[in-house]
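One chain, subunit A, appears in both complexes that follow, with subunit B as partner in the first and subunit C in the second.
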Partner chain A sequence: MKLNGGLVLLLALAALLSLFVGRHWIAPGHWVGGDLESLIITELRLPRICVGMLVGAALGTAGASMQGYLRNPLADPGLFGISACAALGAVGSLFFGLGASPWVLSLFALAGAGAGTAVLSLVAGRSGSTIIFTLAGVMLSSLAAALTALIINLAPTPFASTEIVTWLMGALTDRSWDDVWLGLPLIAVGIAVLLTTRRSLDALTLGDLAARSMGVDMRRLQWRIVIGLALCVGSAVAIAGVIGFVGLMVPHIMRPLVGHRPSALLIPSALGGALLVVVADMVVRSLPIVSEIRLGVVMSVLGAPFFLALLLRMRREMA
Partner chain B sequence: MADLRFASLRLEKGGRAILNGVDGVLTHGRITAILGPNGAGKSSLLHCLAGLEVPTGGDVTLGGTLLSALSAQDRARSLGFLPQRAELHWNMAVRALVELGRLVHSGGTRLTSDDAAIVDAVMADMDVAELSQRPIWTLSGGEQARVLLGRVLAGQPEWLIADEPLASLDPAHQISVLRKMEAVARAGAGVALVLHDVNHAARIADDVLLMKDGSIVAHGPATAVLTPEILQNVFDVPFRRIVGETAFLIGDS
Partner chain C sequence: MQQDAGRHGIGRGLALTLLLLVTGCTASGSDGGGRADSGSAIPQRIVSMNPCVDAILKEIADPEQVAGISSYSQDPFSSSVPMTWAAQFPAVGNEAEDVIVRKPDLVIAGSMVAPQTVSALERLNIPLLQLAVPASVAESKAQIAGLATAIGQNRRGQALNHAIDRAIMKSIAFSGRGKPSALIWHDSGLVPGTHTLANELLEKAGFESASEALGIAQWDMLSLEELVWTQPDVVMTGQAGLARVAGSGEARMKQHPLLRHKGIPIMIADFPSKLLHCGGPIIIPTMQRFTQIHAQWSREHSL
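Up next is the complex of A and B:
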């Protein structure tokens, strides 16, 4: 509770600071009044911050519940190919010229994420083996990447392929209130679905057999995870493109703070994810460089070494 | 009381018969040890009794109610199951781990003050009260085994069903876990254990169920079932009684 309160406070501060900061510093006196500066605040920065919070919360919760479900601290919607599948869906809709409507693009992204998660569950089957699940994730991300590359290859115009590539490297540039209203209901439902799995995730700490003996219905749990992940990851990709590693890093940082309990990890990971994305985006857009670095790229540059460090530490613990 | 009864229980996996139509009653308030050579179907029988495996044929009843007719939560409250392999996927504190046992009684993940009192009592019983805030991965195998047993008992099940609870424990911890099981039965619960060691069974079991090749060879009071002749027949190795009635020397020489 204290932790959640602290995170909410930090998030509020970061969001507030985010309103000032950017290429152009805007003092609070100019936030209202209808001039150009107030327009930057209400029509550019505010929706951008909201999209950042939504995407961060979605990815943080998705990562935490995925790690709990798979009992694998390295699980992440990006690493396991779910984001790539969502991106494939989005790119597919652009390729077929359907991307004009954001709702259609989102629908494709959701379908991609849903199909990806379902394939992952099907391949891993009821074995519950994390090794099989991990390898299935590797297979899925390569397949989604290959199909995406194929679509870029076949893209009718260089303009279309540029647009597609831009999607693959997520960013919060030029987000509008439309994106917020699109993402908010879907992500809220996704997080709510994932929150219903908390009891089962706790029981799974003791393994599959013990969890079943404690009354956990593994099939229903799997469906709730698939639907929750599809909604969270699909809509996050639909409104901001692929932003990796949030779901890996945030639960990992939060875990010791909640006593390693999987059920207690979900809400702090949502808040922490929102905080991480908002702060990272603030840094990205205030860097004095000619063209803005894309957030998805920054996250991968930060995330990959983090992942490596995690691996090395796990290897040491195993030895 | 709620006896566990199974009739014409059959289990097939991949076309292979694991249990060929076995019958029996496990009496509540007594300790039943299930013994037999590797591959006899002991764990499969235990899984069927705990409702974790759906039998191919026949049925299991708890106090007259079909196990398959119980909701998952009701079944979980009545039948506490301790798996053979200890799995501890997250490095939670010992107390938080024992608290997981109360999940079967709650809809959510919060504990009431009654829950907390039960957890305290169980931790004291299992001699893990002083380890309360220790991360579980820092405990020895014997300590972890007591914590995991405590987790099952925190659910206050009518039945404690355990699959080889003594495997991977050193002799001192084996004895201490056996004592805990004995206390559980004396406190009024039913106990069903798969054991590997005949001498452990001789030490604590009220009843013994002997299995071989998916069938029950003998089932009755321990004193009647644990005889050198029957054991030799089941395990294909000579048994000789040594000290009085409760220990056997296994093998030739």
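Up next is the complex of A and C:
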């Protein structure tokens, strides 16, 4: 509880600080009042921070759940193709003219994430084999990337191609309250569904057989994980594009603070994910350049060395 | 609000990506003639690999001279020529094989065609004219003149250049009433900077380019926050990307609630993305659209 309280406090501070950050200084006295400065705060920076919190919370919870369910510390929705599947669904809906409404686009992103999770779950199962799971993730990620590349390849204008590529890089730039209202209910339900798996995930740490003997319905658990991940990852991708490594990094940062029980990790991961994305976005916005570096790019730059360090640590432990 | 000049660099990567993707979609030419290997005889089987070259050929070539046009010209989303004109000719893709089967005596391509394709055409001794991206009206006109010479249609080339001059002069004559600041801002936030043809045309049409104040030199991405902070009088948006492909109404960038807010005194005008694809004859409708937008702004400000 103390940790969660501390994270909430840090998140609130980061959000407040984030309101100050941008290429133009806007004094708190101008945050309300209806003039240009106040509109930038209320219509651009505030919804952007909210979208960042939602996306971070969704990806943090999704990562912690995946790692608990698959008993694989490398599991991450971005790394193993679920985000790529969601992006494929969203881009596909736009390309084929079905994405006129943001809700339809989200639906396709959710379907993509759900299908990706289901395929991963079916191919790798919960065998505990890191190799099979990793290979299944690589396969899924490659397939989704290839199909997305096909859409870029077939895009009728270079502007369309650029739009896909830009969107795939992930960003919170120019998000509005519409995006918040779109993502909030879906991500809230997704996180709620994943939170219902807490006890089962704890039981699963003892192995499949032990979990069954403790009354865990594995089939039901699998469906709840699939639905929860689809809602969280699909919604996050629908409103912000692909932002990777949040689901990998945050649970690892939180684990030493909460112990190894998956149930204890979910809420701190949600709060930590929100904090990480808001802070990273703040860094992105504070760089003195006209054209923003995409948040997804920054997260990948941060996440890849983290992933490498994680691999090296695992290798040391295995030796 | 003045940005330092170095700030335009980051989005240049994206813009460069765009331009690379535009290989088939952006006419080009840094000098008048480009690189021509054609002999002295007037070519009778011209194959174009670039939709902007197609737009020029439509104006200056005899249809009988054209043996193939870019496949982009037969796609209504990327074409800069009427579909009825494009339908007369076989379409060629970006591969040498596509081109060779048309038995060309002159191939005209953009500067960013794959080096392997150029090499394949050279190995087969097929005359090739490559044109680069025009960054100004002068470059675009020189490109037309050079192309006209290469295909033996000097008179039509001169006529097209005169038509471009007339369209620009007409727009300049109209633009006496006020000088609103303006920005072209397309899907994903793509903005042409000061060293682009689009920007020169914008200024010739009587607008003050907001790109200069922002320090954008080539093409760059601009956030909505930066845009509303700069607060140009006019923002020209268009459906350039997927929203247009999906037929989903107006450009997605334009749908942001902030742009509809009463507290933001920016006039939003539609600006078809096709007008950004090419120079050459497309300069004429581009100037007409700029003039219409200028007239609308003048009316709204009772000038």
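Keep in mind that, in the parts below, the second predicted complex is superposed on the first by the 312 of 319 C-alpha atoms of A that agree within 3 Å, B and C clash if a C-alpha of one lies under 4 Å from a C-alpha of the other, contacts with A are read in each partner's own complex, and residues count from 1 in each chain.
The rule is short, and it goes like this: a contact is a pair of C-beta atoms (placed from the backbone, for glycine too) under 8 Å apart; a residue touches a chain by one contact, two chains touch by 3 or more.
Keep in mind that this is a model prediction, so the values were computed, not measured.
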item	value
Clash or fit (per the criteria above) of subunit B with subunit C on subunit A	fit
Partner chain in contact with A:293 - subunit B first, subunit C second, else both or neither	second
Subunit A-centred angle between subunit C and subunit B, computed on Cα centres after superposition, in steps of 10 °	150
Partner with the higher number of touched subunit A residues, subunit C or subunit B	C
Which of subunit B and subunit C A:71 touches, first, second, both or neither	first
Touched partner set for A:203, first subunit B, second subunit C, both or neither	first
Which of subunit B and subunit C A:212 touches, first, second, both or neither	first
Which superposed partner A:27 touches (first subunit B, second subunit C, both, neither)	neither
A:155 touches, of subunit B and subunit C: first, second, both or neither?	second
Subunit B versus subunit C as contact partner of A:174, first or second or both or neither	second
Subunit B versus subunit C as contact partner of A:262, first or second or both or neither	first
Minimal inter-chain CA distance - subunit C and subunit B, angstrom	43
Subunit A residues contacted in one complex by subunit B, in the other by subunit C	none
Partner subunit A, residues of subunit C touching it in the complex	1, 3-4, 7-12, 14, 17-19, 21-23, 25-26, 75, 77-78, 186-190, 214-216, 220-226, 228-229, 231, 240-249, 253, 256-258, 261, 263-264, 273, 277
Footprint of subunit C on subunit A - complex, ascending	22-24, 34-36, 39-40, 43-45, 91, 94-101, 155-167, 173-174, 176-178, 288-293
List of subunit A residues in touch with subunit B within their complex	71, 198-199, 202-210, 212-217, 255, 259-264
Subunit A-facing residues of subunit B, complex	50-52, 71-73, 75-77, 79-83, 85, 87-93, 96-97, 100, 103-104, 107-109, 135, 148, 151, 155
